[in-house]
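In what comes next, chain A is part of two complexes: it sits with chain B in the first one and with chain C in the second one.
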Partner chain A sequence: MILIPCPHCGERNVSEFQYVGEALTRPNPDGVDPEQWRSYLYLRSNPAGPTVESWFHRAGCRRYLKVERDTVTNEVTSVTLPGRGGPQP
Partner chain B sequence: MKPVKNGARRMGRYSAFDLARHGVARNGWPRAWHNHDLRRAYDVVVVGGGVHGLATAYYLAARHGISNVAVLEKGYIGSGGSGRNTAIIRSNYLTPEGVRFYDRSLKLYESLSTELNFNVMFSQRGHLTLAHNDSSLRTMRWRAEVNKLEGIDSEVISTAQVKELVPYLDTSSEARYPVLGALYHPPGGIIRHDAVVWGYARAADSRGVHIHQNTEVLGIDVAGGAVRGVATSGGKVATPVVVNATAGWATLISDMAGVAMPITTSPLQAAVTEPVRPFLGPVIVSGSLHVYLSQTDRGELVFGSAVDPFPSYSMRGSLDFIESLAGHVLELMPSLAKMRVLRQWAGLCDMTPDYSPIMGQTPVEGFLVDVGWGTYGFKAGPVAGEAMAQLIAEGKTPELIAGFSLDRFMRGELLGEKGAAAVGH
Partner chain C sequence: MRRKAQATGVDMRLGPRPGEIIDRSRGLTFTWDGDTYPAYRGDTITSALAAAGVRVMSRSFKYHRPRGVMTTSYLDPGCLVQVGDEPNVRASHRMVEPGMSARPQNAWPSLRYDVKSANGALAPFLSAGFYYKTFMRPKRLWPAYERVLRGFSPGGAVSPEAAHDYYDKRYAHPDVVVAGGGPAGMAAAVAAAAAGAAVMLVEGEPELGGHLRWGAAPELAALGDLRRAVAATGGIEVLTDSVVTGRYDGNWVAVVQRSAPGVVERLIKARAGVLVAAPGLIERPYVFSGNDIPGVMLSTGARRLINLWAVKPGERAVVLTANSSGDAAVCDLADAGVDVLKIVDARSGEDVVRAKGGRTLRAVECADGTTVECDLLVTAVGWTAPTSLLNMAGDRPVYNERAARFFPGGGHDDVLATGGIAGDGSLEQLIDHGSAVGRAAARRAHEVSATTEIPSLPVEAHPALFKARTHGFVDFSEDVSSKELEEAVAEGYDSIELAKRYTTATMGPAQGKLESVNAVAVVAAATGATIAATGTTVWRPPYSPVTLGALAGRSFEPVRYSPMQPWHEAHGAKPLVAGQWIRPDHYGDPAAEVRSVRSGVGLIDVTPLGKFDLRGPDVPKLLNQLYINKWSKLALGSVRYGVMCAEDGVVLDDGVTGRLGDDHYLMTATSSGAETVWEWIESWLQTEHPEWRVHVARVTSDFASINIAGPRARDLLSLVVDDVALGPEEFPYMRVRSGSIAGIDGSFMWRIGFTGELSYEIHVPASYGLGVWETLLERGADLGVKPFGVEAQRILRLEKGHLIVGQDTDGLTRAYGAGLDWAVKLDKEDFAGKPELGWQEGRDDFLRLVGLRPLEGTAVPAEGSQIVEAGIIVGRITSSRMSPTLGRSICMGFVAPHLAEPGSAISIVAPDGSRVPAVVTPQLAQVDPKGERLHG
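Presenting the complex of A and B:
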């Protein structure tokens, strides 16, 4: 069972959460060229190892969270609130 | 298609006579393919010993006379998705590009046992996609029309016809998700996936292809915008052409060549029961219930579902999966309640944003991809191998795969197949 320690709700089963995606910085839609926009939409780093991503605590506090996880072991090493300037969901 | 001639280096040809002779003499079968030392240079290096990599190597040698080819596999051949899939073959997709492409593969599968001199046990028992609501019925009508235009045997049938084909299915109106009809695809079916892998390996080997198991690719040497070679756990190899056929690991190999990919890797799980007497004809898929099932020639029931809900390179099975799978299977066939699940497993799937594969050239000269096979790529092994071999031999992208190029994402020309591929692989 994979447990995610939510800063609001404590340790909860992964099935309560929804995976949102790799933590990416969205380019400003005004004044970005189509290629940059499509890179943001489609290209993914998809690493085998530690990564930073956004999750949503669907069946809990319903807040977006910044999760650091190892994609090979599924070990969750850090869960924090996405701060201003940090990766946004 | 012409049957292939018996290659000079083949380790004997399988035949009924051979089977009888070995049965009597009991002197064991010769190995089906050789082990070789790694050469310092190859004309083509294929990374990944799944059905895609092996088929590409086979067609290069068999159709184009290019046999100085190495298939590099970090584990054993078929250790990726090709040995873990639920072996469904069909061509009733949604986009005309998809339908044409997958149908060519189905045709190649129909004659593959003869072509490879290896029984791949293709069982065309029919394929049913159930509709539980109006919107899925609508998509199925759309699919059936696209299919018919492309000459595919595919039609929407009524609940009564479904019941006739699969008497054990709960088609009553009391079901939580009543069956309103189905998309029926008679040429679809299941195959012996290991036999396909071994058959391609043996036939490629007999034409001079080197299959190197336990040989991991660690880096790709790119200079002046072109591929020069690969670094492997067995040493360096020079080559002008590298084919990335590593499915779930595709991003890692493309990273080595500096080519960014629109792929995420997610596990897909499946499960199999103890064998029982044959009672189930067609393959059954229910998108609304996120489940599909078939009965193998040995009598086991094989179950599958959609990919795990988050990306991962871990191949561990989960309780969540088997719990929800069992619940949904029982909604379809309550009489299976006493069946025992023997095992469950997972394989890695290289998911693309549009549920279509990525084949062809990349910005790096000589670095080709045959990836993005997601949950549906086993059925495409023959056609993708054939097209990739043609691309390498002729230096030009075949028409059949032109729509699946990597640059479609940057052009914003996606090929949406999700409606036909998310659950029914």
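Presenting the complex of A and C:
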């Protein structure tokens, strides 16, 4: 079980967190075309390697966190609070 | 005192052995297959049976061949038995207990005369993939095949009455976990603890020692020294009869403690600084014709039987030896009085060809042409390194031709290997290596150094012996022979991973620990590749089978009750499980509950309703973002119904939100959606609009909530409220008031109407919930107030045509489909799901939620029934009930757009295939569509 270093709570078991998904930028709903919007809804890059994800510290501080993780090694390189990243659909 | 088993009249027990683990002062009896057998404390089921001369312990999986002891360890593939209620007990591991009842589990009608052993005669037909090939056609017979084949499947019986025992769970944070308590593991634990590490030493057998336990005097002396060192060193937690079943990311190590006091099993989740894998070596069986006949044993199996349990494994023996373990077995056998008739030394090219016998071994045919009549064949042909825990850390084992076994690939900072899997050498060398690894582990756990030098162990030459010139069993648990593996390769399954899956070799209870390398060797020979090139199958968790009980552990799932639960229980409420909540479904007669609401007044406990306290100047912005309808102009004291959609436009939740103060709002969400909505709100506030000044607090359980519904609701409320004017003008529909209810300050009430009646939802501080509930019932007795449950509420709201998110909508229902056109405000700047709803508005290709009236008023088509037109599904029933108010059945459901017009005739297919004709009603509401009752 990987450990995620929460900026508020310290290193915690991943089971305390809810995996939200790849960190996304929400398109401006005005003027967005279906292709752009649906790629925001459904298309994920699913990389083998470094990726930026959103995690929710559900059983902890209940903060959404921006986590940089390598999906191959499960190494977490950075955990920060999100700015404008967009809620996950 | 010598005790002969009456059932067999045989006594194979030897005189006292220096390393024996039986307590001869504590005799006991147990039953096997109905007969009583003697045993000593410390005996396993099979050692006690072997002492009584029992040879057949089970019938094999496919061919129902007789099987006996082979390894006398946890892995013994022919020794899975039923003990009482418990199936698949490892009889060569489980200690006997007084009065224990053990039974064979893969034999019918008896172990001795097994009807299905006819399978053996049919063996040519049970070739690789036999079941796949034979039971394919015709397809209509699949259910019949399944019934027959299930009867052939092995495994014991699980009693439905079996007690739900207590399984424990524990979390631990040791610096070093040592998996394996043999000499190297013990040395590693001692060295790590001496260096200041907190150590967990885990051993699968009932005591520490590994192979030293069944060794000769020098090994036993070393064992004593090591055990004393472990006991004398502080900081070592020793867990015996326990196993490290898996290693996961971040050195998260799962340990199952099998015989912990007070619990059946305990799963320990340990976050280890460093894991030291010291599982030792597992002796490999040899593949030849008859290699499964009872009486064919591994050298370690025979030595354990003699030295740990003082049991003579046979009378006349042949020994096939390629190493020192075989040589030591020869000495032990002679010492135990076994007549060693022939030593077949594989190091000088000698070999065995086949074993002959039925329920017991009768003779061994050797490669030199001789046949020796005997009842015991001991083989010592090599070792398998169980590198599972290293594989789980990403290690890929490497085949070493010199030693004829796989070795760890190496290269991990936090998972180290010592003992037999790391190399050979003298006992002293193994102990030195263990100590060095232990010291390194302590340093790495404390992050002193990740590059501590660890000396390497020598690698001794060993002949590469896997298979004689005859075919025999490779996988004893799954009954897979070398012939079947060769056939699989011939049929094109020529990679080890494919051949494994096709034949199921290595997939049985021994999980490859006995059979994996032989399977690789047979496939390699059949494909003409080397063993190194063929590779090995990947060992995955668990290292050893784990019970579901250990994994489930004790439950941590919370159960939630409202403060009024004692009253509900005392008044016969039928409980309804609604997520974590237990709610009253009804109090005996839901139809009567409906009638009392429609004609008088009723109370329902709606405490599970999700409630959120929202404060801050930007709450209207948040509400506008979350709900599809508009919220900018919600007046102080007003309440509004709102619908939330997800970003895909699918209805997510609904509820009402009221404005209690200038910057203070209370939001409600559905009971089942409360958690989702809370996270949804936080997600918007934290990620998309951190600049908004809004504070959210979940207050679901801070308030007890009661809905008072019915034409006399106002009369009832007026009996408990003094400081709020309740008249229809002062407190109209969709308004909220705060004040004192039944003397409880800090309460508030809003006038809404899920049931379609005049109704007030009151929220009082939770600790007063029960009191207020009882006060309402007491003071309202003259008004005829009655409690009602969730079922009555469901009927009432269906009569009124109010949808339930998740019941009348699903994961594809966008707002327009749910008849929420009136709520969608596409002219708002933004809201969740806006683009999708904008696109849906212009289309006509989705199902619509409508009210339905079956023409036959007594027919209540089941929820989920399909609506069909010309053989095509054009909709379905989402809700259906008998309406006590209308005296006929009512439904809501989805229909295709061309059937959505009021008056459209539709045909519902009930689950029994009958047709229920129905018409679409003018509105969703079938009772009081104009809302006169609500506004009264």
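To be clear about the criterion, the second predicted complex is superposed on the first by the 83 of 89 C-alpha atoms of A that agree within 3 Å, B and C clash if a C-alpha of one lies under 4 Å from a C-alpha of the other, contacts with A are read in each partner's own complex, and residues count from 1 in each chain.
By definition in this document, a residue touches a chain if its C-beta (ideal position, glycine included) is under 8 Å from a C-beta of that chain, and two chains touch if they have at least 3 such contacts.
For clarity, every value in this text was computed on a predicted model and none was experimentally measured.
Of the two partner chains placed by superposition, chain B and chain C are both touched by A:P34.
Once the two complexes are laid over each other on the shared chain, residue contacts for A:L3 go to chain C alone; chain B is not touched.
Touching more residues of chain A than its counterpart among chain B and chain C is C. Using the contact criterion defined above for the overlaid structures, shared-chain residue A:Y19 touches chain B, although it does not reach chain C.
By the document's definition of touching, of the two partners only chain B reaches A:A48; chain C does not. When the two structures are aligned on the shared chain, A:N74 is found in touch with chain B and with chain C. Shared contact residues of chain A, touching chain B in one structure and chain C in the other: 1, 18, 34, 41, 74.
Contact residues on chain A toward chain C in their complex (touch as defined above): 1-3, 13, 18, 20, 26, 29-30, 32, 34, 37, 40-41, 54, 56, 58, 62-64, 74, 81-89.
Contacts from chain C toward chain A in the complex involve residues 248-250, 252, 269, 271, 646-648, 679-680, 682-684, 686-688, 690, 829-830, 832, 834-836, 839. Those residues of chain A lying in contact with chain B across their complex are 1, 14-15, 18-19, 34-35, 38-39, 41-48, 71-74.
Those residues of chain B whose C-beta lies close enough to touch chain A in the complex are 249, 251-252, 260-265, 309-314, 316, 319-320, 353, 409-410, 412.
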